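Across the two complexes that follow, subunit A remains constant while its partner is subunit B and subsequently subunit C.
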Partner chain A sequence: MTITSLRHPFGIFLWLMVALVMVYILAPLAVIVASSFGTTGYVAFPPQGFTLRWYEQALANPRYVNGFLTSLRIAAIVTVVSSAIGIAAAYALVRYEFPGSRLIESLFISPLVLPGLVLAVALTIFFSRNPIATGTDRLILAHLTICVPCVLRVVIPVLQRFDRSIEEAAQNLGASPVKAFFLVTLPVIRPGIFAAAALAFVMSFDEVEMSVFLASPREQPLTVALYSAVQLAFDPTLAAVSSILIMITFAIMVVHQVVSRIRSAR
Partner chain B sequence: MGGALEPRDRRGLILPKWLPPALLLLPAALVFGGLFVWPQLGLFATSVASPPPIGFATYQRFLGDSFYVAVLVRTLSLGACVTLVCLICGFPLAFFLARLESRWVPFLIMIVSFPLWVSAVVRSFAWMVLLLRNGLVSIWLRDAGLAPAGFQLMYSFAGIVIALAQVLLPLMVITLYAVIKGIDRDLENAAMNLGASPGRAVCLVTLRLARGGIFAGSLLVFSLSISAFATPSLVGGATAQLMAVAIYEQTLEINDWPFAATISAILLAIALSVALVYGRLIDGRNVPVR
Partner chain C sequence: MNAEVELRTVSKAYGDAYAVDRVSLEVARGELVALLGPSGCGKTTTLRMVAGFVEPTGGAILLRGQDVTRVPPHRRDTGMVFQSYALFPHLTVAENIAFGLKRRGVARTEIRSRVATMIGLMRLSGLEQRLPRQLSGGQQQRVAVGRALVINPAVILLDEPFSNLDAQLRESTREELRRLQQELRLTAMFVTHDQAEAMAIADRIAVMNKGRIEQIDTPAAVYHHPRTRFVAGFIGRANIFDAEVIARDPAGVAARGPAGITFVLPQGDHPGRIAVVLRPEAIRLAAGTDAHGPNTVAGVVDVVAFYGATAQLGVKLADGSRLLVEGSGDLPQRFAPGSAVVASWAASALVASAA
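Let's turn to the complex of A and B:
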């Protein structure tokens, strides 16, 4: 008798709980997607009728389109820069054993467990005193503080699992250390790097607190545009924008799953 | 050899051994020191500078004002309630996923963690739609006779708990899943063979062995819920009496930065001490992402 079988009361209880919790986790997203097609002039669930009008309006609204493009640009820059910084640091921490490397690792990762809002307030005070960057650059720098730790956390275990004798073999065959890294190590740990980069990208794209405090008013990221719009009105256009984001994310996840299935099947 | 980058360039020049790792760590150290530690110190300095040069007037104001003490208590109890809801909902799901023998498990885990990849603003918006006066959940509660006419969950403490627990639940499930997966299922089977009912076996064996993981997951969710901003401020409204919302109000609305810095420093101190306990419990590498 397995514990998850439906042949005893506990199993039935377990399945019931699981069904309820799954609904709890997923229903809100489903509600938003469903209500984005409703014909009422406010967001209503269950939706009435069917229309694509709100999608047309969302795509015609420069606030959301520009916000989307701004977020995309910020996230792309943050991803590239934080991946480069994070991979270099991860390599140093894993390959060179030196006293205190474990401590440095946990220190570098610590910004992730601290309140984003506090980081945002601290950085706002910091930038007002030290005008080292302006406009969108400030937000990009701010996002580095959380995206670099994020890359570190994903890449460090990947590097630890990497069999370093392959790297040594390349060096014994005459490759310079740098060449060995780019020709041997990097291709092997590529899936881990992709995972880290994807995570950094999503973190930057979805981030709210720092964006609210530091974004340039002329170049608002999408989360800021949504955050301020949601407080004002229950415009179905917002449901359409949210649904587009949900569907893009879902599509990327499905593609990622399928690709990794095909990879592992090979 | 060590396999590490050898400290020797093409011309055979020998570099000091510490140089390559130091150079590789430098950019990350600049980000950590310049954009994290330095601003946090600046925040702390701002909080202890009224009256200048050094004064604790803002701390006295916070602790002396019953309104702000209530805000602190409310924030901590929000953390406790959200953690409890996440545990009650998260444990059965995590247990089920860890014990289910099916090739669908990776897919189910993907579905459970999917909301983590969607912005908190979008998820909070969904809850606003459901919790408003004419939202489905509020209507259900009224129809079931559990709430008076005109009742809405939006802008209420319970509403914030419901929304925030849903936002953080995937993290709890992922943490507990890893822990339960590490517990040998034969221990439960042994208890059942010895006559314990399945429910009893889970309570006596799994729950007990998963204690450490349950505690770690709870600390993670607690720490994230007391510091969450987007969900409480949207579902609870701009006047929700919580630390994060108060910080926002003092900065962008009232422009009292020293006081905002003080509230931030207090919140930071709590989050940091929770994180330290958490770090002792779980190796930093096993922390689920976000």
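Let's turn to the complex of A and C:
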């Protein structure tokens, strides 16, 4: 009998904790999804009646639809660019020990520990003095300052664990260092890259502070649209939008699980 | 000179510490040379300099007569078998073996036939579509060797290729590798710290110590004529005595050793202080207490180890040191611990090396 068994007193305690954490994390989501179907004009739980009216309204509202598309576009660009920069930088930091590489690594990571609001204000001032970018590009650049470090954080340990002799074997067999990287290193660390890219995507997609400060008024990301709507009134349309996001996330997770099951069964 | 690999006073310094110190070495076509030495003596560094992964701080490396000292690894014609095998985890056995051929732009149909030949040669039939993690250690090792062989490199470089295999598999795998190497007339350099392994399969052994090659010779020559004290101690078992030359004449050289032993060695050009090497199997034992004359010493048997066909005895000498004696399996019956014995040996069994 292990201590994680339900017959062990400590096992019962552990399972209880797991259940509590699950409830704590999932209950708010359940409340949002449930109340998005309610017929009352305000968010109520438990919901009364059943209607898809709020979904209709949400999907008919150009602020939300355009916001969603804008967020998607920003997140996609940020994901690709931050992955490329992050992987290259991580590779350089792990492979080539040079004076100050430790310091550079810490500097790279530092935006992650700054409060988002501080970064947002700083970047707003920066962009108003240095108009190097306009409109949505400013937000993309701003998101890169947090998404590149995030990719680095994930990819550096992955590269450190990667057996370097595999790369050397590729070179020994005739692959140039660049070819060896793309033919061997990249495919082997691909799961880590995917994780980093996914994290960068999510980080950009649900980022609020910098978006509020820097977004172009003509192209508001979804977070900004939701944020300004909340300030007026929390009507069930917001719950419907949130529910759609939750369901998309859920669907992606399910697909990912299924695909990786099939992969590993090969 | 038809050397496939030539190292000319190659050195590698890290700071002011020399990992490899002026190593010179030639490997002829079809020859297997073992780099043998204790941990940290620079074997791996030497091998990696031949492959191009470590840049020498001095000297030159030639492959088939071409100076490749500054040529990057992917343009050198070497096939390396890594200690960890370093198989590509995302590629199948067949794809792993085909990797080098693809980089060389070999035609598709030829790749297929050469991979198939190699799969047969390495006894990997039926495993072509497996991923490395679905193979046993021995199979992985054969993929690693096949992957290096298929590109027909000027030299095969093996870094402790058997160290991840269990004892039995290690022996059969190394015999197989030796057979393959002789059949295909492969030129190979092979790193090991196991002297028995080097003796068993190498044409020549380069014994390394502290970044230098102390001796490079056939296994028999390294064993019977160790040039330095280090080589004598590292290759096989040896009794090594510090001795001082006391007389020279045409018949031989006399030297005084510890425990009152007088050695008489065959004539040779020996300096005043020498290390006398005496292999345990060259010693004869007889019951008794009196040792008269040179090349003999009295002592008391103190430890006995029985190995079946052979046995080893430790004989305690007057000065407290121990003489190691090896003989047939009946030795323990004839000489129980505590019995007084006289050990003797032929002058021809003695080798003097630098002290």
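By our rule, the second predicted complex is superposed on the first by the 234 of 266 C-alpha atoms of A that agree within 3 Å, B and C clash if a C-alpha of one lies under 4 Å from a C-alpha of the other, contacts with A are read in each partner's own complex, and residues count from 1 in each chain.
Here, contacts are C-beta pairs under 8 Å (C-beta built on N, C-alpha and C of every residue); 3 or more make two chains touch, one makes a residue touch a chain.
What you are looking at is a predicted structure, and each value in this text was computed from that prediction instead of being measured.
More residues of subunit A lie in contact with B than with the other chain of the pair subunit B and subunit C. Looking at the shared chain after the overlay, A:L29 reaches subunit B, while subunit C stays out of its contact range. Of the two partner chains, subunit B and subunit C are each touched by A:Q171. Of the two partner chains, subunit C is the only one touched by A:V184; subunit B is not. Once both structures are placed on chain A, subunit A residues 165, 168, 171, 176-177 are touched by subunit B and, in the other complex, by subunit C. Residues 163, 165-166, 168-177, 179-180, 183-184, 187-188, 190 of subunit A touch subunit C in their complex.
By the touch criterion given at the top, residues 1-4, 8-11, 13-15, 17-18, 20-22, 24-29, 31-32, 35, 43-46, 84-86, 88-89, 91-93, 95-96, 98, 104-119, 121-126, 129, 141-142, 144-145, 148, 150, 152-154, 156-157, 164-165, 167-168, 171, 176-178, 181, 199, 202-203, 205-206, 208-209, 212-213, 223, 226-227, 230-231, 234, 238-239, 242, 245-246, 249-250, 253, 257 of subunit A touch subunit B in their complex. Per the touch definition, subunit B reaches subunit A in the complex via residues 1-6, 10, 18, 20-22, 24-25, 27-29, 31-32, 35-36, 38-40, 42-43, 46, 89-90, 92-93, 95-96, 99-101, 106-107, 110-112, 114-115, 117-130, 132, 134-136, 166, 169-170, 185, 188-189, 192, 197-199, 201-202, 220, 223, 226-227, 229-230, 234, 238, 244, 247-248, 251-252, 257, 260-261, 264, 267-268, 271-272, 275, 278-279, 284-285, 287, 289-290.
Residues 51, 53, 72-74, 76, 78-80, 82-84, 86-90, 99-100, 103-104, 147-148, 151 of subunit C are the ones that touch subunit A when the two sit in their complex.
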